[in-house]
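I've put the structures underneath this note.
Shared between the two complexes below is chain A, which pairs with chain B and chain C, respectively.
So, the complex of A and B:
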């Protein structure tokens, strides 16, 4: 019965996110502003059901759903939608939904195909308070990176469109002409920076909590395990983004591509490493 | 905008100038990422023959020549790290002069903390040591044999806690550690809960069964103690291979243990000659059985625990670096930029 509730919540979440994407798509075609509110409402409802499903699982298994690939993939999608809605509230960029919500849909679909929905008790290595902080910070970091991926894509689209420059009183800033759907590339760049800075802080916390935990459980705070290595590579890519943004010759499209490359590294760390490279982080 | 400042290049010229430039830093970040990913794609720490077989004679030899088989401890990878550290140091030193507020102080601290972590890992590499040891329950090991003189470790007990499904919940060794000064430390070591003393840390790492028996002969008995799964070479090219079955199921008669608990301990003994399996017998504890011409007695069993013993002065430095990193992150990202009002209103 309880598993049925979780299953039902899972499916409903997936449908609501897919529906939200479709409504955002309808908005881009019709440009009716009311559709934005509807789409956000649907996605918000999806997040609510998603949360209910996670709480349900927590109650069923008697611990936070932080322990295997299925659980983390569902949490990842949750983090992406949460970060999207927060971004949307602070800096509304409606087109963002078309890129970011499908990321969550893909993650949820991938989770539904995983065979590890079976609840197994925690192995000794995972019985640590570090598990909670390690995974919680990862959800926040990965959620932010999911959104930054979307902003990076929008930046590249916006940048390739003709822009009319006009000077304003406080200096030169890009002013859009005939572009009602996307903000200026300068605004997108600023947004991209803020989201990635947030994600970077939390990714650093993921690495530190992981290192302290590894020292406690394996006696080595760093072992160049493939998962560790790829988390470090992800960190290096985003460090490159944060520094490149202030360096001549690295700004604009190149940093936007770094945001996309960074998210590719995130996805590879999670799925590529787990399925292709054996290592210490084998909790599938 | 405060954030929009370009990094100003240093005065001077030559190597120092390029080493302290931001562009060099970016190239180093890219290089480190690319090289690290190579290390995850090329299997590390395999036999020399593996690389020649897997990558061909030419490429395999080339990879070995450049230590791609132990990339992360190769001289050139460490050199790359040192160059990167120098770059961070020189960049940060230039920016120390320009620290005006908590935000820029946080940024400098953040970069400095990376150097501390790096220094800590170098210290670990040079002064840290760790070794694995297996000790039978009730035995005492002299840790000087694995490079920790002055320490004696007694394993008083070892136990496994199980879930209802017989999946392991926790492994715990009860130990007594005696150091050179004669201090006695009585403690329990379990997964995620290592024993920490001044300088020495001991981790629960592995476990297994140790079985005890005798080969009974006319001229007297030959006692043996074998780790579960081990082999014993006998006379005439015969090999005895044993398997401990803690909870033998007489109904099924197979060697699958009913539970992991020693409820009905049996020893399965196989006698092998060359490639040929001569016979298998299952002996209950306290019993004696004849396999072909060999008579074997199964006297007892006990756990052994596998512990990792470590002494690493670098860890404290690394943790100090982590602390500075957290502090730097908080100063850099939690304080609002002074004098700038962020009002990015879209549309």
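So, the complex of A and C:
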């Protein structure tokens, strides 16, 4: 019975996110502002159902759903939507939904195809409080990077628009004025930095909690395990972004591409490494 | 000599440059990607040299940054001398003393810490807010150096070895240079209902010069720490002892359970045990299977196999890593300095007040990425207010 509730919650979440994407698409075609509110409402409801599903699973399994690929993929999608809604509240960029929500839809679909929905008990190495902090920080970091990917894509689109179309000075008000669907490139650029800075802090925490935990369980804080190495690569890519921005004044297309590249590294760390490179993190 | 010095300066500049740092960072990324396919790269000269260069560059960059910071603190701010970098205001009928007082009060109200100095041109007020935050970036890079240094110290002076100890039994760590030995009294595996391992635990006595110094249970995620050495529970398994007999020949074996025992012969037989089940393969194809029991011979073709003993062993990783304190210090520093760098903005403002023919000339410059202009505006507004007041009083 309780598994059935979780299943329903999962499916409903997926449909609500897909519906949200469609409404955002409808907004780009009709430019009717009421559609934004509707879409955000649908996605918000999706997040609520998503949370209910996760709580349900926690109750069923008797632990937080932090232990295998299926669980983490579902959490990742949750983090992306949460980060999107927070960003949307602080700096409304409605078109962000068109890029970011499909990321969550793809993640949820991928999760639905995973065969490891079966609940297996926690292996000894995972029985540590570090698991919680390690995974929780990863959700926040990856959620933020999912949104930064969306902002990066929007930047590139904005930047390639003809000048006549992008002649607005203030980004947020440009949307309400109906002059352009996208805020100015400067606004997007600033937003990109803020989201990546946030994600970077949490990715640093992911690496540190992972290292402290690995020291406790294996006696080696760093082992050049593929997952570790790719997490480090991701960290270095974003470090490059921040350095380029702070000291070299990198802005615009270059940083937007770096944000996209960074997210590609995130995805590869999660899926590529898990399926292509066996290692210490093989908790599929 | 001069030429050499020039060359050295040039080399130093390149070496400590941010561009080289970024290039090395890219190189580390590329090498790490290669490393996930070929792990050997991380111990190759390529990677080590690049990391070493990056570390030196990091340190040099940080030193240069710190030096510039200190210099900027001490010296007269260049922004007040370069045309276009500062803003100017003429306060008619206002003495420099009055302007200093008013400007100081306003800066204090905005939350600045003040320092008033007499300089050649008049009086300079420097105000700073969150001045300590400029240390964020240098500390962050120092944290990185700590972590790298920690791993080098661990690599050079650290020591580690894996022990498989039959239980009950002793692990003579002192033979390998550790300060104590271990006596494993008991070992047990807790399992879930489905038979998978939940936790495994060794009950250990630490023997210092053959005297019991400490007793502790070690399990996964719960290591033992004594005299700078840590003992981790990392594995467990079983050893099978027995013999293979054929006519008048007998060969003893002692293998890890799960490893194949080669019986040979024309059928190329191979025996694998998952206690108590055993499987026999011929040329890799299943041949026969059954249940084994200690002391009970199993007959396969012309051979007789007998298992005499099955012992549990506990797998313990023993490690001494003197680099760890540096690593932890690096991590803590990272966590303190990163938010400092990204979220606390240090803020500086300078006012130069000098007497002019009509009253006071004010030069104003600020350094703050976001709010600099805003604050300048506030000060200017306040100060021009004085002139308005004066004029009102006079008229």
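The rule is short, and it goes like this: the second predicted complex is superposed on the first by the 263 of 284 C-alpha atoms of A that agree within 3 Å, B and C clash if a C-alpha of one lies under 4 Å from a C-alpha of the other, contacts with A are read in each partner's own complex, and residues count from 1 in each chain.
Quick note on the criterion: a residue touches a chain if its C-beta (ideal position, glycine included) is under 8 Å from a C-beta of that chain, and two chains touch if they have at least 3 such contacts.
Note that the coordinates shown come from a computational prediction; the quantities given were computed from them, not determined experimentally.
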Side-by-side fit of chain B and chain C on chain A, or clash: clash
Partner touching more residues of chain A, whether chain B or chain C: B
Chain B versus chain C as contact partner of A:191, first or second or both or neither: first
First (chain B), second (chain C), both or neither touched by A:93: first
Chain B versus chain C as contact partner of A:239, first or second or both or neither: both
Partner chain(s) touched by A:33 [first = chain B, second = chain C, both, neither]: neither
Superposition clash, chain C against chain B - the stretch among 23-31, 77-85, 113-121 or 383-391 that is involved: 23-31
Doubly contacted residues of chain A, that is, touched by chain B and again by chain C: 120-125, 127-128, 197, 201, 204-205, 208, 211-212, 215-222, 224, 226, 229-230, 232-233, 236-237, 239-240, 243-244, 247-248, 273, 277
Complex interface listing, chain C residues touching chain A: 18, 21-22, 25-26, 28-29, 32-33, 35-37, 39, 42, 151, 160, 192, 194, 196-200, 219-223, 230, 232, 234, 317, 319, 324, 327-328, 331, 334-335, 338-339, 342-343
Complex contact set, residues of chain A against chain C: 120-125, 127-128, 197, 200-201, 204-205, 208, 211-212, 215-222, 224, 226, 229-230, 232-233, 236-237, 239-240, 243-244, 247-248, 273, 277
Of all residues in chain B, those that touch chain A in their complex: 3-7, 22-23, 25-26, 29-30, 32-33, 36-37, 39-40, 44, 72, 121, 130, 163, 165, 167-171, 190-194, 201, 203, 205, 308, 310, 315, 318-319, 322, 325-326, 329, 333, 344, 346-347
Complex contact set, residues of chain A against chain B: 91-93, 120-125, 127-128, 180, 183, 187, 190-191, 193, 197-198, 201, 204-205, 208, 211-212, 215-222, 224, 226, 229-230, 232-233, 236-237, 239-240, 243-244, 246-250, 273, 277
